[in-house]
Each structure stands twice: as C-alpha cells, then as structure tokens.
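Note that chain A is present in both complexes that follow, paired respectively with chain B and with chain C.
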Partner chain A sequence: MTPLLSIEGLTIRAGARPLISDLALTVEPGQRLGLIGESGSGKSLTALAAIGLLPRGLAAGGSVRLSGTDVLPAGDRVLSRLRGAVAATVFQEPLTALDPLMRVGRQVGEVVRRQAGRDGRRIEVGREVRGLLEQVALEEPDRIASAFPHQISGGQRQRVAIAMALACRPQLLIADEPTTALDVTTQAAVLKLLDGLVRDRGMALLFISHDLPVVAGVVDDVVVMRQGRTVESGPVARVFGAPEADYTRDLVAAARAFDAGIEAAA
Partner chain B sequence: MTPVAEAGPSRPDRPSLTLAAGLLLVGLHVLVALLTLVWTPYDPTALAGMRLEPPSLLHWAGTDRLGRDFFTAIMIGSRIALLVGLGAIAIGGAIGVILGLLAAFAQRFADDALAAALDILIAFPTLLIAMLVVAASGASLGSSVLALGIALSAVVARLTRILAKRVLVMDFITAARTSGATWPAIVVEHVLPNIWPTLAINFALQFGIAVVAEASLSYLGLGAPPPNASWGSLLQEAQGTVYTAPIAAIAPGLALVSLVIGVNLLADGLRDVVDPTRRAAR
Partner chain C sequence: MSLISVDRVSFRYSQGRLALDEVSFAVTAGASLGIVGESGSGKTTLLRVLLGLNRPSAGAIRFDGAELAAGDGAFMRGYRHRVQAVFQDPYSSLDPRQKVRRIVSEPLRALKVPGEHPEMVEAALTAVGLDAGALDRYPHQFSGGQRQRIAIARAIVARPSLLLADEAVSALDLSTRVRIVELFKRLATEMTLVFVSHDLGVVAALCDELVILQHGRIVEAGPTHTVFSQPRHPYTKSLLASVPRMPA
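Entry: the complex of A and B
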C-alpha cells in the first residue's frame, strides 16, 4: 500500500543554515504518528513541507511524497488537488487561523463548497456546515455559525478550525500543536475530540507537539526531533518507556519531574 | 487583539456623530449635483443681471464679471467636483488595487523593482503628474480625471501591496491553502475583504485630495473650460476682482471646503461601520 505521507532525506536550508537535516518519516493510512521536539526543532516546518507550503526563500532537498506524488517539485495546480483531499491541517493559533472578517458559518461553508465542487457532489452547504459544527461538539451551532471569530472563545475557534479540516474529508489530518494555545481543561476536551474524530473516520494523524504527555495520549508511534534532526523514533511505549537517545531520556525525565512536582504539591 | 481594539469596543454602539455630519455634507452636495441635471436657478450661460452684482435675493452669490448668476455656477461646480472625485477614485482604485496585488505576489527582484517604482511615483507630487498628463492630452474634464486617477493609483497600489502582504502571511491564508484553495480564490475570498475596510477609507480620503487637486489644476488653467467650470476655475476668475467682489472667491472656497471636510468625516465614520471587529462583541 502507498503510504499517505512519506518523507525521505528531507533537508531544508535558509541560506547556508540547515533547518532540517536528513529527516525521514512515514505515515501509513490509519496510522497515528507523533512528531515531538522543542521549539525551533523544525516540527512545524516539516508540517508545511508535507503539504508543499514551505515559506519562500527556503531551499529543500530530498523527497516528500503525499499519496505517492512528490510535492517538492510539484506546481500549485497539482498541489491544490492533493491538499485537503489527502491531507488537511489544524494550526496552533486558533485566532489567526480564522479570517477575522468572515462569519464562522461562511468560512466553513467556503471549504465545504470547494470540496463539493472538487468531488462533483451536490450538497446543501448550510446543512453540511451545521453538521460539521455539531460533529466538533459545538453547542449552539447556529449562533456560532453567525458569529465572527472574535466573538467566540479560543476553544470554540479551535473546534471550528477542526471542522474546517474535516470538511476537506482528508485521509491524513496534520495537527500542528493544536492544543498549545488553549487552557488546560479546554486542551483535554479538544484532544478527546480529535482522538474520537480520527478513530471514527479512520483518518491517519500526524500530531505535532512539544508536550510529551499530550503526544503519548493520542499517537501510536513517535518521532523525536532536535535541531532539525531525528533523534529517535519508534512505538510510543518503547520510545518513552525505554528511551535510547540522551535527549529523549531528558524529555521523559523532565515530564516525570513535572508530574512529581504536581503530585507533591497536591 | 490589539490594545486599541480593546480600548474602544463601546464607541461604535451609538450612531457616530462624525458619520452623520459627513453624510449630511456629502449628501447636500450630491443632492445639489443631481438637481443641476434638471434645474438651475438661471441658465448658466445666460446673462442674468448686471456685472459683479453683490449677493441679493435674486442672485444669492451675486453675479460674475459677465453678469452670469454665480450661485448657478457654484451648484454646477458640485457636479463637476463629484464627477472628478468619483472618476479619479474609479480609475486610480482599479489600477492601484491590481498593481498592488501583483506587487504583493511578486517575488524577489520583481517585488523590489515594483516597490521602488511605486515609491518613485509617490515621490512626485500628485499635481505634477496630473499636469504632465493634462499637458500631453489637452485640457478637458476627462483628461484631468484620467490624470488624477493615474496620479492616485500609485498611492493606492502601495497601500494595497502593504495590506495584502500583511494578510498573505496570516495563518488563515495557509489554512485555506492547505484545504486546496487556489490563489485567485484566496484573493477574492480572503485578501480583498480583509484589505477593503482600510482601502475604502483611503478611497474616501483620496476623493478629497482629487477634488482639491482638480481645483488646483483648474486654477492653473488646466481644468475644464466653461460652462462646466469647476470651483478652481471660479477661484481663478475671482482673483482679479477679489477686492471689489470678495463673494466670488469666498463662495467656491466654502463649497470646496465643505465637500472635502464632509468626505473626510465620512471616511472617519465609515471605519467603524465597515470593520466588524470594531463592532461590539455579542
């Protein structure tokens, strides 16, 4: 079977400075892969590279295959067909991920309409939007749909962003720190939602985070990155249970110390 | 959210006095301009009285040095001014927005070249560019509108470029790209709506600038010939008789000032109306 996402020997440079060096990872259909590392380790850049959206001025080498198509040399015409259909993305900051001047319902509707046009389906946009907002467990979907992004809460905005990703009916969901900008209780709720949606729809998941316990809760396999390089990879239980690399060991120890601190305080 | 937006969420709740005053002044000029299409107090070309009569009940702004009713000329001036403003904005806006969007998408060398070209164009005074165009195409209302439109397009293009660039780096653009939207769709769905509030206000301000610039062109003798005289031409004519008949200089000046102030007030008031993030949260 063709992997949904297959990255081999990916190297990205800004001028002479390497941002990502020789990265390799594969996401099979239905697989849940976590990408973990500190800020600046190249996680988000990897997510952008995966869908052919590298910022201008960066030079990329190696290969990134999305459902078998090499995205690095591909043009917009090819890519806009792959994006959404194969992979959709949820970003870290829910406020800037929504157009501030467009009502929520219309924003979700635009995606719905675009995907329906692509698939040649005839649909009732309003009903589809409402259904999507219900699927991401938003109460009062009608009120949310007629609100502007600044009129709803951060957690609600992130749910809307997830609804927009779902509207693409992707085979792979790329979640780039989807809970980092949320408070802890909202984080847990959004994670549970993502977990359930991915399971129900049989989607593959590329989950990017710096937060080790969060990653461990939702994925099967994990790749640990540091300064643009893969430090260690494998099944979650093995990597976090018996880390081989020093950096992974530090991460695990830090997370344990943090938990212990909380328990001691309680 | 910016501190500015947080400081004034309650302001747009009551009807804006600025907007009302702007609408009143501009509306008055629009009404007068429409009225002149069907009726004027006197025939603008006919000799309606003695030469240089002072204001009276028959001639509200007196008569000019040929004896034509001056209030009629002022009223027709409203129509000319509005046509000039709208025409210049239509031309300047269309050229400017298209150029600005192209510049926003241009990369590396093309971006630098376009930005430099716009900066050089803006460094030339609007009036100077307009004079060049008029000198090349002959003095008429059409050529001064075209000239002002071209001169204003550089300002609009630079603003559009900066605004569009700022929108293009936002996450929601990347999000739209990841869901498979093409660039033309993104421009129509996201970029234009996001830069529109600022552009609209700028258009209103440029409208005022265009009206003043046309008055200056006319004052220099490069504007529309009579009987479609603009306020600038009236001012120029009044120059010789400013001590004997000051009303001929004061009246077109007041008309010009009231329209430009009105447009600026309108621009200010519009800002709160066109930007939904400035409306109160529910």
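Entry: the complex of A and C
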C-alpha cells in the first residue's frame, strides 16, 4: 500500500543555513503520527513542505510524496489536485486562516462547491455547509454561518477551520498546533472533536505540537525533532515511557514535572 | 498582614460589559498568589488595575495599608518602585535598540532610585542566572528564555516588594519554561508574587494560594492544595479535568 505521506532525505536550507536535515517519516492510511518539537525544530516547516507550501527562497532536497506524487517539483496544477483530496491542513491560528471580510458560511461554501465540482456531484451548498458545521459540533450553525470570523470565539473559529478541512474529504489531516491558541477547556473539547472525526472517517492524522501530553492523547506514534533533525521516533508509549535520546528524556521529564506539580497540589 | 488587598473592585471598559465584577482578595506579604482564568476572564484587566494602569470603576486597592491613588504622581512613583511586572512576550517587552545594561537599569533611572546602579544591575543579572557579559549585548542576541530572564532582571532591579507576572512563562518552550518557573520559585522566597496564568501546572508549581476568575468574577479562591483537591465550583472542576496529562 502506498503511504499517504512519505518524506525521505528531506533537507531544507535558507541560504547556507540548514533548517531541516535529512528528515524521513511516513504516514500510512489510517495512521496517527505526532510530530513533536520546540520552536525552531522545523516541525511547521515540515507541515508546509508536505503540502507544497514551502516559502519561496528556501532550497529543498530529497522527496516529499503525497500518495506517491512528489510535491517538491510539482506545479500548482498537480498540487491543487493533491491538496484537499489527499491532505488537508488545520493551522494554529484560525483567525489568520479565515478571510476576515467573508462570512463564515460563504468561506465553507467555497470549499464545498469546489469539492462537489471535483466529484461531479450536484449539491445544495447551504445544506452541505450546515451539515459540516453540525459535524464539528457548532451550536447554532445558522448564526455561525452568517457571522464574520471576528464575531465568533477562537474555539468556534478553529471548528470552522476543521469543517473546511473536512469538506475536502481528505485521507490525511495535517494539524499544526491546532489547539495551542485555545483556552484549556476549549482545547479539551476541540481535541475530543478531532479524535472522534479522525476515527469515524478513518482518516490518517499528522499532529504537530510542542505539547507532549496533548500529542500523547491523540496519536499512536511520534517523531521528536530538534533543530531540523529527528532525535527519536517510535510508539508514544515507548518514547514517553522509556525515551532513548537525552533530549527526549529532558522534554518528558519537564512535562512530567508539571504533571507532578498538579498531583502534589491535589 | 496583607501587602496588597483588593476590595470589591469592578472595572468597565467604556460602554462594555463589566470586565471585573466586585473582585476581592488579599495577598499576605511573602506569599504567592496565582490568578487563574481563560481568555476574557478579566485576569489581564485585573493586573492592569493592580499596576495602576486602569482605575477601578468601583472598589479600592490597598497597598501596605494605603489606598492606591492612580492620579497621585508622587504616590504612584513610590508604588512603582515597590511593585514591578513581567509580561508574557519577551520579544515585545524589551526595547530592541537598547543594550541590556540600559534596559535593566531603566527602572532605577525612571524611579530615581538612590544607590550604586551598576552594582544593582549586576546583582539583578546574577539573580536571574545571567553573567555580566550580557550587559553590552542587544535583546535579539538572546533566546526567548534568556530574554525573559532579562525582563525579570529589570523587574527586580529596584528590589520591589511585589512582583506581578502576566503569563510570564506561557510563550516559552517546555524545557525553558521549567527553568523560568524555577527562577520565579526562588524569587518568591524573597518577595511577594502575584502570578497570572491560564496554566494550572505552572500555578501548582509556584503558588500557595489561588483565585479562579471567570467572566470577571472570582468563582473560587483558597489554598492551592484545597482548590486542586476539593474544587467546589463546576468551572474549577472543568478546568482541572481539561488539563492534558502525560500517559502513565
């Protein structure tokens, strides 16, 4: 079976400075992989590379295959066929992912219409949009659809961004720090939603985050990155339970220290 | 005796809803209080009121027995000498054009603090774990964690009695966050600390007492241990249940 995402020997440079060095990872259909790293580790750049959105001026080598097609040399025509259908992305800050001048319903509707055009389906856009907003557990979907992004909360905006990703019926959902900008109670609700949606649809998930316990809750396997290189990878239970690299050990110890603080306080 | 006490303080931004609604609490000298809340809870507004940047619409704040008089210049100069703050983002809180020496010594000049300024600046840097080599460098030459150390050095250089911190570790990477929390813990043994945060793991590590804010109101308050072990308000319970934990 062809992996949905297969990255081999990926190297990305800004001038002479390496940002990512010899990175390799694969995501099989239905697999949930977490990409962990601190700032500057290259995790978000990896997400951008995976969907052919690398900023101009960066030199990339190696290969990044989405469902078998190398996206690094691919042009817009090939990329637009892969984006959405193979992989859709949810970013950290939903306020910048949404057009501030367009009502939420119209933005979701655009994706729905394009997707229906691809599939050759005739649909009623409004009903489809409403259905999607319901699937991401937005109460009052009609009010949300007629609102502008600034008129709804951060959690609601992220749910809208997830709805837009789902509208593409992707096989792989790439989520880059999707709950980092959210409050802790909202984060818990959005994580639960993501978990359920990925399970129900049998999607694969590439979940990128700096937050170890959040990652541990949603994925099966993890890759730990630091300064553009893979430090360690394996099943969550093994990497967090018995980390082999010093760096991973420090990260896990730091995360457990805050957990222990809560345990001790209680 | 309480160093600072907040008595039924309300605050309303012009024509908005109440951002703070009859908030009351007191912090004993030497203690550390955590103010916990999510976005829109009023925690940053509360901190601005405590700093004298916003004047309460109702209620009063007392510092060391005297009522905070935001309009009284002489009083506020004395107050700022004794109350200093550290903010969330060490990238925007340090002037990029100034060397660390000038940044850290700024409160000493602004407040006309008597004494040997160079020695005080070096002592503050040492207290936050930076060496004198940092003095002639610019903020961009430091990592996020080091910049937050510089911001903390600036806050403690005038030897305040009360340190206010607004999400002061939230923008830092995990391993850096652990070290800066350790630094705050050490400082909390020497001064009174009010630490505003949405992060329960951080306040659990740092604070003796907690105040939980929701929609501008205190929904629960008490010793950290009591709030964590026997939360009474449904909101506190949901906050605690929402904290992601590491697998066993």
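Assume the second predicted complex is superposed on the first by the 265 of 266 C-alpha atoms of A that agree within 3 Å, B and C clash if a C-alpha of one lies under 4 Å from a C-alpha of the other, contacts with A are read in each partner's own complex, and residues count from 1 in each chain.
FYI, a residue touches a chain if its C-beta (ideal position, glycine included) is under 8 Å from a C-beta of that chain, and two chains touch if they have at least 3 such contacts.
All of these numbers come straight from a predicted model, not from anything done at the bench.
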Clash or fit: what happens to chain B and chain C when chain A is overlaid? fit
Tell me which partner A:Asp183 touches in the superposition: chain B (first), chain C (second), both or neither. second
Between chain B (first) and chain C (second), which does A:Val239 come into contact with in this model arrangement: first, second, both, or neither? neither
First (chain B), second (chain C), both or neither: which does A:Val223 touch? neither
Touch test for A:Gln151: chain B only (first), chain C only (second), both, or neither? first
Where does A:Met203 make contact in the superposed view: on chain B (first), on chain C (second), on both, or on neither? neither
Draw lines from the C-alpha centre of chain A to the C-alpha centres of chain B and chain C: what angle do they form, to the nearest 10°? 80
For A:Leu66 in the superposed arrangement: first (chain B), second (chain C), both or neither? neither
Please work out whether A:Leu4 is in contact with chain B alone, chain C alone, both, or neither, and reply first, second, both or neither. neither
Can you work out, in whole Å, how close the C-alpha atoms of chain B and chain C get once everything is superposed? 9
Show me the chain A residues, by the header's touch rule, that chain B contacts in one structure and chain C contacts in the other. none
The answer for chain C against chain A in the complex is residues 38-39, 144, 173-178, 198-202, 204-205, 224-225, 228-229, 238-247
Mind listing the chain A positions that touch chain B in their complex? 48, 51, 53, 56, 76, 80-85, 87-89, 91, 93, 96-102, 110-111, 114-115, 118, 147-148, 150-151, 161, 164-165, 167-168, 174
Within the complex, chain A is touched by chain B residues 1, 107, 170-172, 174-183, 185, 189-190, 193-194, 197, 275-277, 281-282
Using the touch definition from the top, list the residues of chain A that touch chain C in their complex. 38-39, 154, 183-188, 191, 210-214, 216-217, 236-237, 240-241, 250-252, 254-259, 261-262, 264-266
